[in-house]
Amino acid sequence: MDNYEFHWNVVFDAFPQLLTGAFTTVHVSVLSMLVGIIIAVLLALGKMSETKTFYHIANIWIEIARNTPALFLIYMAYFGLGAYGIHLSPYVSVFSALVFINAGYLAETFRGGFQSIPKTQYSAAKSLGMNNIKVYRYIILPQMFRRIYHPMTNQFVWSILMSSLGILVGMNELSGETQRLQSTSFRTLEFFMVAAVMYYVITKLVLLAADLIAKKVFKGEIS
Amino acid sequence: MNLFTPLSWNDTGFILTGILNTVYISVIAIVVGSLLGLLIGFIRAESNKTVNVCLGAVLDILRSVPLIIQLILFSTFIGVMGFPLPPFFAGSIILSLYTMAFMSEVFRSGFNSVPTTMIKAARSLGMNYLQTVRYIRIPIGMRAVFPSWIGVALSVIKDSALVSVIGYMELLRTAEQLISRTQQPLMILIGVGLFYFMISYPLSRYGKYIERKMEI
Amino acid sequence: MIEIKGVHKSFGDLEVLKGIDLTVNRGEVVSIIGASGSGKSTLLYCINAIESINKGNIIVDGIDVHDKKTDINALRQNLGMVFQQWNSFPHLTVLENAALAPQVVKGFSKEKAEAIATKELTHVGLGDKLHEYPTKMSGGQQQRLAIARALAMEPPYMLFDEVTSALDPELVGEVLDTLRLLRDDGMTMICVTHEIAFAKEVSDKVAFFHEGLIEEIGTPQEVLDNPQKERTQQFLSKVL
Amino acid sequence: DQLDDVISRGTLNCGVVLDFPPMGYTDKDNKPAGFDVDYCNDLATVLGVKSNVINLTWGDRIPSLISAKTDVVIGSTSDSLARAKSVGFTYPYFVFKFQVISKKGVKMTSFADLKDVKVGAALGTTYETEYFNYADAQGWGRDNYTAFKSENDAFLGLYQGKVDALISTNTNIATKLTSGQFDNFVAGPYVPNYDDVVGIIAKRSEQAWIKYLNLFLVHQVRDGRLNELHVKHFGTPVSADMVKALRENK
Amino acid sequence: MIEIKGVHKSFGDLEVLKGIDLTVNRGEVVSIIGASGSGKSTLLYCINAIESINKGNIIVDGIDVHDKKTDINALRQNLGMVFQQWNSFPHLTVLENAALAPQVVKGFSKEKAEAIATKELTHVGLGDKLHEYPTKMSGGQQQRLAIARALAMEPPYMLFDEVTSALDPELVGEVLDTLRLLRDDGMTMICVTHEIAFAKEVSDKVAFFHEGLIEEIGTPQEVLDNPQKERTQQFLSKVL
């Protein structure tokens, strides 16, 4: 430690840039989560569908998303598609890779949540005279949402952490911005320490918010 | 001077090294991470709230900071402290700790899944504390969480790609170098993807199969 | 009146109901007993159109349940059903559980639905639990909630499928008491049950099912005290 | 100190950016090659130790020194005063010019033409900073700018058409253009009024080590080794301007 | 001989045992009956030192169970215990289940432990299932395995805690038969049970627990057929 002096003032001067980077990080993860959820619903339906084509499309998507590294998919989106002349910006590449993976993981979560609701809940709701739409609206979906809520927050945190791979395609999110700042000033340790703290704070805030929302929204427990 | 040369048979050895390096570091991280995770998971299952909160907070940092940042920070930091390590070791250490953070949760829930009545039954046969741990809690608890263990192990294999940022020549970094030389990203990337898929897919299927078998 | 005429029902190759005839008049309590797998639950599901049938008719107050043109959701409002496994909706409070269907199916206002629900819940002895969540309650309480939930739709008929068999022995009594209460109110009921003593006490008619057919039917005295058929005798000797 | 450490260890851990031909790249056997690599080997030879070339990206250079993974980085590091607060620089050992390379057909007669095209550079490099300074002074936004993790990624991006023009060094651009694979591209204008002077870097505190490296650089020029390697890697003798610049230390 | 003298036991503020006195002689079968929550299981746990006690003594063959100096693991080898919920170890075969404790606790060789285990398993009628995994067996079989597992430690005393109450009715018989077998072998047993008929048949003494105290104790004829206390009468009228 004796031969290293910390120079924090460089980092404080660059704090606005780091914050901009952090904003991009949150931005890309929120967006990839939202789009991921929509696609995941379709994939989950596809995987439960009787139609072979839908089933296979959903299945292939899900398995690729779950069984290849995120970094690989980001490279694929950036340089792989580039070879076909499809040029995605670093932001869009990271975004699409995260969407692809989020959708794959969430589809399985949704399917699991859906199947974990006992069949007897349908019979019970039907026997009260509810039609299909009402059964879903009042009985199945609310229960399902509770079960998938927790896995969904975890997936969101994962997205935030994995967006840090943007550093590898020159995206200007928190990690990329940190990398740029450290290579102009060469204060590696300081910049990455601050970035680590910022990631930690972001994920904690997300989890805290998720907990507060859950406490407000979900009053009954799930058996 | 020839900057750009196509892929040739010469490169197979190079790619193979990348594959082996990926396998090495993944295996090390999974083994070391599981052993440490088992220990910590056990301590957490057995301890009171204070110990748990403290341990949990430390593990939480490992789970809340991106792996890539942890790797860069750690390898820089140990150098500054005066203990430089080659990328392989620095990468193994961080990846193992990272794995441990997730494995400890897996194992903790494994230990907690063993019903207290079963432990009481074992005690009533005259087994002492360590014997119940050794013969009852570890085997039953570990079985229960085997599918989750596979899940974590697979994510470690995939995350090992990130060790490339501190200069470890694993598969993806090898591929990158070849891409720079050949300017042919598509074929090479597809090959890399296929490799990961071929390792990960059968294992994840196996995990699901076990899970389903256990449900019955 | 529920009229069941020559009902056949198969699951794939397995013929579960092989021609059931049974009439339940308004105000009557009919108990169904029989070995596991004899088709008792299946018959209740068919009456409530949760399962389709292959042959025969089921007519409730003159309406053919399995006719394509029948509005099945409207019909189900007349047929309250309670299952073996308690099926309280875990995300709703006790009161919300019982008030949901009157609101969304019958379109009652929230106040009106909750008034009816409160009345029925008090009736089954859950008046003090209105704002609790059912997951915290005992099996017996959840089962009484299921009964009140069905009653809140104010159906003229109630179908009970072994409502006590998943309960701990000490909780059986409170649920049977609730059924007795309904009988005293004059409710028309079909009860599938394993509780022979209870069936003897409350039923107007007892039907003994054997392999998809009604082997014997009559008053409790006829079927339970002096069974004519050998199979009925065998069954009763086992369960008593 | 570090000089003694290297000698007693018997190996020189020398960091090179193999991402920056012809200064550093990997040959068809995936082995390190280039001007910087040769410098590493020369340095090891004069020290009388084995040369261990370590492959770095631009961003790895400082961490590798600080973490003592490398003893020295011969990696075309621009000697900015900000960086010199963190790391020790030797005398300059090479001078680059920053230049634009663009697709044929894109109008690129002056640096100001970059305004209307998609432009890229490697993340965290001095020419990226220079471009930003220029762009900010002109009041351009950054919407048409793309950063790449490495020099290689940047050229791959240009090759694939992700960007129309790239800022890099004159040497790298010249090498790429002679390779045959960048026939559809042309070298464009230089970054105005800027010479990129680069030094070898080592740990800031290792004064004796840096002095040794300085003398090594003087000898490379004096003994004609610089010229030899320039011919080997660039095909031309080293220019009088550059030798003058290096001698004058600027 | 098991001597229980003035045992008190509280969980926090809740006093569950309020001074229990009971003596069980070698060869005796003592049944304990009583309402849920009256402290029956707790007493068994205290005898086996799975729970500590607050006051009083429990002496097994002259050794004070709750004395600090007592080697509790050694003592437990003398007290076989079987629980309400069957607790077979799912990762071991039937034979391994029963042979584990003799091996690791008593230090027997694998052969010897397996010989004893096989003997006891055959005794309870599981001789043909030695190499199966218990998860595939019925509750009754698993409960008999639990009995054999305890017997394989060759304890002079056995404690049974409602061993049939988690079983389907048709499986109760086989487990009770196993207990009868043990009684005929002359085993000393304490049985907590809800099966009054069974208690009447096998017991030398019956103790009726009420809110942490023994309300009435005596021969089955005294306690079950002619209960003196009002609470005993009430309890029996409910369960019979």
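Here the chain labels run A, B, C, D and E in written order, and each chain numbers its own residues starting at 1.
Just so we're on the same page, a residue touches a chain if its C-beta (ideal position, glycine included) is under 8 Å from a C-beta of that chain, and two chains touch if they have at least 3 such contacts.
For each chain, UniProt lists the protein as follows: A, B = Amino acid ABC transporter permease; C, E = Amino acid ABC transporter ATP-binding protein.
These numbers were taken from a predicted model, which means no experiment stands behind them.
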Chain C onto chain E, rotation angle from CA fit, given as a multiple of 5 degrees: 170
More contacts between chains, A-D or A-B: A-B
Centre-of-Cα separation between chain D and chain C, whole angstrom: 84
Centre-of-Cα separation between chain D and chain A, whole angstrom: 38
Inter-centroid spacing, chain E versus chain B (mean Cα positions, whole Å): 46
For chain A, residues that touch 2 or more chains besides their own: 3-4, 79, 82-83, 167-168, 188-189
Residue numbers of chain D (touch at least two other chains): 63, 66, 153, 156
Residue ranges of chain A in contact with chain D within the complex: 3-4, 7, 79, 82-83, 85, 87, 89-90, 167-172, 176, 179-189
Residue numbers on chain D that touch chain A, as the complex places them: 58-59, 61-63, 66, 80, 82-83, 85-87, 122-125, 128-129, 146-149, 153, 156-157, 160-162, 203, 205
Touch list for chain C against partner chain A, complex: 45, 48, 50, 73-77, 79-81, 83, 85, 87, 89-93, 100-101, 104-106, 133-136, 146, 149-150, 153
Of all residues in chain D, those that touch chain B in their complex: 18-19, 21-22, 25-30, 54-56, 60, 63-64, 66-69, 152-153, 156, 159, 175-176, 178-181, 233
Residue numbers on chain B that touch chain D, as the complex places them: 1-5, 8, 10-11, 14, 72, 75-80, 82, 84-87, 166-167, 176-181, 183, 185
